[in-house]
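First chain written, first letter: the chains are A, B, C and D, and each begins at residue 1.
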């Protein structure tokens, strides 16, 4: 989680300095879901993510330096600069295709699950998407097929739609989704669905481990809605980091605006987890501070690596349009 | 109902004789739904139908002769032969656009409802579609918007998916729809939804009048699923009339196969209605026979009219691509 | 060599493909899949019954079942997914155009998508505006897709085999009006390579570059014109992507007169691209303007004489050929 | 005449249109609608706040909200529906291509669909494969749609007015890279008629037919080439459907040398159609082969030098012009 947080915060800075272009999306506030839920995926499983993918890839072991390089369009990026922030693909971590089209991956994840079952590999698909994806017709179409064919796929919806810290939680309305709570939709298609607090690592752990076990037992698709509050820096289209995260903020937020303070107190999964670790005596504040130093150093090095990575050769643009023909 | 039935049966014969081409779909078995439900639509309302539209248009007063002419691609067809069976448009009856694309009209019907409300005309939309349309993503997308924006639209789903007479009725499964009963889907989007027996005129009457009243009171969209059993002649892609309908079959089916007999007994809305009328002393068998003679004569004349109608001038093909510019 | 009807060759190919490779799954409505509304549709249903585990009927959800096939292809299967009427491919546009076509490139060659999309295109007689699309031009504007347009029994068999063997997303675009064409088909397996045009008829006076059903119409027109003393060469690219432009230009340089014939709507259609390429490369090699025979730029009407009025008929191909030697 | 930035003219047009006609409803995400991710997006949000009843934010359901706009147009409104990034129009393809485009024709002229689809197309810098589409070529292959491509402040204002006034489904295709272009815009209302090409620069040596952002690139190339002694005429069709082919051919006949410049992918792109028409009509009027500048036929890469490598840049336009006078 800490790697993701510092990766994203540094990215905002790098972007502001002109090292990357285009629009991009950060996972701040959603770290717990990715890290915990993806820990249950095995090496042969198929994972899919969206425009908001950095945290998911990092949770599966992507190197921060190569990920930065991709986001900056450099030669050492995971896709040599062809994909970019919106489409980074990292097969070693199970990510074979990343779509920036809202809802685009949902049918595809059902497809890899279909193949895994047909080939009897025991693999499953994990499909990570935002609450908005359920508004696209691709989602109900794919939920229907996954349910009918009992496909081994975990639909993991990161609902960051709770606008801003302090908004009433619970069964509030959505202005863009009548099927609310969102779990009503998969349930209509007879897919078991639960809601969890996406900032609570323990809750995510229980829900994900149970869902994955059910899928591996052949019980068909499962749906988890992980709820998080929208991070204050992510309310415009261009994320702006209000203050850089440091773990000591978990205990002393310092002189910050009330919104930010409330976010630290009850929504920030990184700080919540840190407090939990200390409260349970798993780690001391000093140990955590030391770990954070290491992470910051790692991120710093990653950024340097990416900045130093050369731009790709323009001739590369014409390669990889088609795979050479397979000869039987 | 009788007009629709005899229209469709005659159409099957005309098609077999080569008077029409392409594939087509008949409303046999579904007459009660259209005739009764559409009786609540007013003159300014917006009605939408699909590839299976003949009965709907006739229920709203379309002339059988001009409808045949359209289906045969003649000059006197409602759309001069440009639309054909799949796309006949009949604005005088409220049908401004008919789509043969499964699910195509559902968002459009939400749109006319949106406009009616914005313009404060008091009109509503009625959207008639088959059970299969709910499998298209366009349907849940449009249900969602209609619900969120409380649009004045009646979704009327003709579920003819109960395969063949004798199939177990009730809460059986669908091989293509996990959200079954179908009303689970609109309900997930918080649209009130009920199921009715689509062959029972009285049941359709009650449901439709209530739904239309609610919509006119501003309560937002309503959903009715009218269930019918698939007519035995309509199980292939090309309808084949097993035996021509005559009302006396209501009392004496004659020497027909058991399947057909069972359909007459419990599924055929025309015969069910005829028996009901006689049982309640609304009409005698003789009166009904006389009416049927008139209808048969009308259909016969309509067919002759269409056959006599000239083919359109080929130059017509290039007209009506664009409307001339409106000048303010 | 034995003669087969086009539909027989097509069915034979599918049966061999499914029987020969466990990875092939066919996703289609069993009633109308593969053979459309043709008289031969029951023959596909037989194949479906023979391989019930691998011929799968989906809900009416083109977008999702195409996406499913894309995913299945990424995970080791070789799915063939059937849109049946090409117009229904429009429903799956985001998956075909924005996912399947881009996945290999965006991943810098890491993720292969060996999926085949099967479509029945064109003016089929009474399909009207919403069931008569020929989307190959739109698809040619979308790099990353292989586009196959068979026109003979031999080709439909050999090209279908290659399509399934290909590691790339391939759009296989067929035409029901071809189903009764007769032709030689070898007994032995003969996959036909992509990117190899076929000269369907030799002739010295005019080159007709035609695709799909227009190949057959052009051959018929050529027969007629032979009686008028005009010798027509008919070149069938067979695949638009990859395109064998060399074979086309070799014929153009020989005849110096060109007609392009294709069934898409005229503007930005396949004929437009073929014409553009030949005009670019053939500027000083042509003895007459290139002529284009295509569907007129109006939605497709239902009625017989109206549909005829906008169709690229045999007669219109013949007329264009005559004009180009005049 | 006063000078305005393109984005100012565009915003002014929208405000006047919404204020002037109750029937206009604008369906769009308020955060990124109309102005995309440009710096001026807050200005659209201001308009949205001014007309809260008629600027409406839908769910992320392009297919349904485009269909909703089509229906609303049938029932007496004049909706403008915003796909924002043109790539998202692919999601709504069935409603745009198979419903909106066909409704008037299938009804034999009974049902009008005065809807405007607003799209931001093209290579925007880092949009990569899934956010950089220029779908105008695909749409030109679909009769029944009017297609508008503004390129100057005056045009964006006048064409948007005409688009909303038109009784036909109109695709209004804009480009964020034009937003900072400066130009004269009259104070008084000046709707610009469809089907009237505009000669953006006069010149005797070479005709460049260019659309959208390529007009500005071609003008810049023309300035450079003037220094080299080459006088370039830049013709901007402004609308593809209807197309003012007469003005194009008049210029071609004058200069006898032609470059077509458009941002679609090359194969079956807008440049292909323009080239094809000019080649058909201009066979004996040309002094050099027609040259085409377009996006190369590969998916769009993300990285700066890769994107540049496939783009129809000013430099490439200049190179094509030089080649055609050489």
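What we mean here is this: a contact is a pair of C-beta atoms (placed from the backbone, for glycine too) under 8 Å apart; a residue touches a chain by one contact, two chains touch by 3 or more.
Everything numeric here is computed off the predicted structure, so don't read it as measured data.
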Which of B-C and A-C has more C-beta contact pairs: A-C
Farthest-lying chain, centroid of Cα atoms versus that of subunit D: B
Intercentroid distance (Cα basis), subunit C paired with subunit A, Å: 41
Distance from subunit D to subunit A - Cα centre to Cα centre, in angstrom: 36
For subunit A paired with subunit B, centre-to-centre distance based on mean C-alpha positions, whole Å: 47
Junction residues of subunit D - those touching two or more other chains: 58-59, 61, 63-64, 87, 91, 94, 98, 102, 105-106, 128-130, 143-144, 297-299, 301
Subunit B residues counted as touching two or more neighbouring chains: 80, 82-83, 87, 99, 101, 104, 135-138, 141, 144, 148, 175-177, 321
Interfacial residue positions of subunit A with respect to subunit D in the complex: 21-23, 73-74, 77, 80-87, 99-104, 132-133, 135-137, 175-177, 236-237, 311-318, 321
Subunit C to subunit D touching residues, read off their complex: 87, 90-91, 93-94, 97-98, 101-102, 105-106, 128-130, 133, 137-138, 140-144, 241, 264-265, 267-273, 275-276, 279-280, 283-284, 286, 288-292, 297-299, 301
Complex contact set, residues of subunit A against subunit C: 46, 78-80, 82-83, 87, 89, 91, 96-99, 101, 104, 106-116, 118-119, 123, 125, 137-138, 141-142, 144-145, 148, 319-326, 328
Residues on subunit A engaged by subunit B in the complex (per definition of touch): 135-141, 143-144, 147-148, 175-179, 184-185, 187-191
Parts of subunit D lying in touch with subunit B, wherever the complex brings them together: 23, 25, 54, 58-59, 61, 63-77, 79, 94-95, 98-99, 102-112, 114, 143-144, 146, 165-168, 194, 242
